[in-house]
């Protein structure tokens, strides 16, 4: 009989509101009932397991130790993208850094820690590592984490609601200045490949145009949209731009550069600055704001806390059921799980002709395309 | 050919954050495109259509007139439960008030106003009236509105997210006092028949016990749960109580009264006071808070704004498609619609043995049953 | 030479946002510089010093241990009104409880702990004890704490800004419902003797009438004010009531009871319920909300964090200067200090004919008197 | 006898939360009492008075028309820095733009509008114009408006509290990411000449270093401060930078450029980017955030609403008293007024050796100097 006595938890990748809520739910679910098990927190993601230290960096996690973290942003375990066990940078005697597969060490340390299961909370990259470890025999359960909400295997991920919340609060503030001073405000939100944050924030925040990576924009179309607004009496414009939004090829004198080189957009000052520059001929006084890390940190919204809590509790159900190499997810109003193999690498993008875009267009929002 | 040239919008029932966002979306969707139609706002729900005034109380709605209302709570049209056209109180010559069917007058006024369609935003009662008018030939589209999120025909309704948001913000505030002063805080939230607000707020706000109407509580079970918490070192307790939560019959000396008479709970000071009184023997210093109308008013969350906007845009799609006697809804991530007949009267309650309750129990939350 | 090597900190009385910010500032000021001293936290106010335990309940406080508490409500030290060293309840051999002076034990324990100074954070009662201990030789510095802002020795106290903030957020929410549904909302805020919270919240939240203890109200005057509003087209009313607001004697049939017995107001359901009941003849649909503990807990506003931080730093300056039996304060924009003897027992009430009341009246706010 | 029958209100300069609250208070104070007067709103600041239109751009302001604006950011009157009557750009027949004194036209239009007084809400530049108009006979009352709180004639101005509130909310969000990911966050706030926002936000938000214009920083001193923090175990740093903060001359290779040219800081990407770049040698992963217009717009805090309301009511008291060429102000807890001549051009800067800096240093905050 294969009893669970001790489990590990780790968080990997960028910051995301709700990580602590997952950790807390896992710990409580592991310890609240009659079959209470020990929980060990791995520090700094996979680096805590395979780092050069003589031993893994871990700490015991108890319900008492998790008090108060439900509403706290960040992660008490630290998080990083360093430490991929399958491609770990190892310094050679001659000083050179060589990337090596140290997954044996990783598995050995999981065994040495006596972990009967490992719950891995992370984005696509972290979950891919988790799946590879599972293929090598580790008892892993994945919990998806992406602010961008661009994972196809779940309807929604925690952190997304908070990011949109922050973006809409910002739009609410920018709006009054735009109105009072006849201005255009161009606000850049996260979303390198997927425009979900931009689309939701724009719809909820009353944006007049939304630019997303899935719909490369034509500057002339965008300008015409804003001019029509002005002609009908609007004295101000709110434009939400995903960081990955870019002009159609050939549209701007610099657009071909952007197509040619991934860094070109950044060199131009980012997506918002590119739009503002491109709209200069309109002669509207314009201000840009790049929300940046405001979207990733701080107290999660209640919805993200609930989602993260349910994901944590569901992950522990998979552990009890010895159902490994799977990821928890939400479908409709039901919490379920899918094979990790089906979850990783499947990006969910905004459909250019999908329902939300169609509705947004119907209420007069422009997409510059 | 049956073109749409003019539509009406009305809001009925209690307050709910997002009503204005629906109105704005309807108006923008009706007027933004090439097939722009006139929109008429009916004031004060059905009372504006059938009231004793010589004419209906209406006002034109334009996109310009709807500027700034996306984020505003309440409804610019007024809202009330008065004015049921099928049971309207009419004063007789002798001074007596008699309830009469004045639906003929209602239909006549819809015709006189030249409304090719009427979008009705309201709760179960209001939508039932809308359906009855549809049966009598009116071109109505329904938009569901319930803070309690207890409509089975849609996964979620706008207003609910805001109510939970307000409740969780309150729990966050109460928590620090409870911790610092070794207290029990009992917070009462809305939910006369359905415990959704209590359940979501309790999960997201870190409650230690949640009492909902679907699971009548046993005081001894609840007390034992809190005593176990105290025994394991917890110095404080957060209890969330739905206004409709009540003890099991026979459990309290006054419980049989509560079962016998719907007003008994209120006479005892409400659900929270009843719980606090019942737990007095525990000897824990206890404070109660009744959130009341804080949950119904004010700025909607971004999620409610998005949901309300999408509902409004979808309602207008039904109008363009001449698809009447239907209600818009959300299923998973898809906005759709259902026959009004299938939507009204179908309450969605928390399943006592369902997924959320099971998860909540697994992380140590008590339900007193 | 009388060097400081070790100090103590305690928090007494009810909850107040900013307590932790004071503690953190004290600890950082005590430990940041070259003349770093040890800081000991006394738990549960004076009860931690004089309680029946064999030793005082204390814990070391370090800068690292205070990380993250700046924005946290409550107090990490616990707080209570129990434990007055000059009137401590002691159980006699025969089982009777007798109130005794145990200040000798208190002073002895301060000495035994090696405390060269004791920083006492508390309200009027707690500071009076601090002063009495100073008279008996203890090196105490006081930091004022009152949500009600009713201390005459300082322009403002931390916690007040947060309480007003919470009250105004609530008014913002109630307002939209009041407007949409033609209602009167009566909201009760803290303030048993002083109407500062009610006055500030009412002014900032757009109240139409404000009732404060300093101005007992006449129901007829209040009703006439609201009727004038209604006559000029207002469909709703927001009334803010301090918990200590009460009708003038003889004004209500039950007013004489209220004058005669301090508990009568509470027995009537509190100040808001009394007003609502008294205004029933107006026939306006009315809802009441008692904010209660929402005002005392949770994250302090930035202003309260700054104020509390400055108070803590200033308290430590007094310790370095060996300037004891004094309380820190703010006058205008200058942080200073006053003798504790001058600070305690001096309540600052709203002047019935003062500037703020005059301005409030000038913009149409009624006071029912 | 010189009765007041009609007054004007205008708002000038940049956006500032609380402008609408002042307008509302003026209108209510002007119309609530028995000596009710008409209020006329001038649109777009002085440009509405002296613009090229055939008539001034004005609109009547009533109490009903001001409903709901107390909590709304921006200004319903529009605001701009255009339209200085003493230096107005006039296009000549040959197409050239020549700056001319059109104050005669301004005074004539004030007279033609029948304004017995003009309340001017604005910053230093706008108030200087107001004073100059007063010298030419106009009955003006000034209301100070500056987000930066850098006016010496008043203890505090509305808008400042909101700006600090927004900055501290942002710090709260950035903090969790900094902690979880071992990062330095450099946040840039407003304050070209005065560091008040940076200082207050840094103190209330738990910053570890604050850079302000009044204390040009030495990069080595700043780096040493952060290294001491790291040596004592701190894994993250929060740095708040005023937009006008700059390195001491000679300190950076590019510092002499900054001293030489006011635009150099901007060309380097702003104050935060300059700091981040200068600290690169420390090898700490660093992110920057420029808060920008987030600080100027949106709902004012309750304190700013109260302050703005009191300023508006006090301005109207000056009008009733025929006390012109004066500006309202707050000293301690008293609302008063000063001659406009004494108010304009008197900037209030942070004292480098003042109380707040001293306290901030005492709790371990570094200033890089």
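Chains here go by letter, A, B, C and D, matching the order in which they are written, and residues are numbered from 1 within each.
Assume a contact is a pair of C-beta atoms (placed from the backbone, for glycine too) under 8 Å apart; a residue touches a chain by one contact, two chains touch by 3 or more.
Just so you know, these numbers come straight off a predicted model, no measurement behind them.
The minimum number of touch steps separating chain A from chain C is 2. Using the average of C-alpha coordinates as each chain's centre, A ends up farthest from chain C.
The distance from the centre of chain A to the centre of chain B, with each centre set as the mean of the Cα atoms, comes to 32 Å.
If you average the CA atoms of chain A and of chain D, the two centres end up 36 Å from each other. Counting partner chains per residue, chain B shows two or more touched chains at residues 172.
Under the contact rule stated at the top, the pairs of chains that touch are A-B, A-D, B-C, C-D. Chain A contributes residues 25, 28-29, 32-33, 63-64, 70-71, 155-156, 161, 164-165, 167-168, 172, 200-201, 203-206, 233, 301-303, 305-306, 309-310, 312-314, 316-317, 331-335, 355-356, 359-360, 362-364 to its touches with chain B in the complex.
Residues of chain C that touch chain B in their complex: 14-15, 17, 19, 72-76, 78-80, 166, 170, 172-182, 185, 287-290, 292-294, 296-299.
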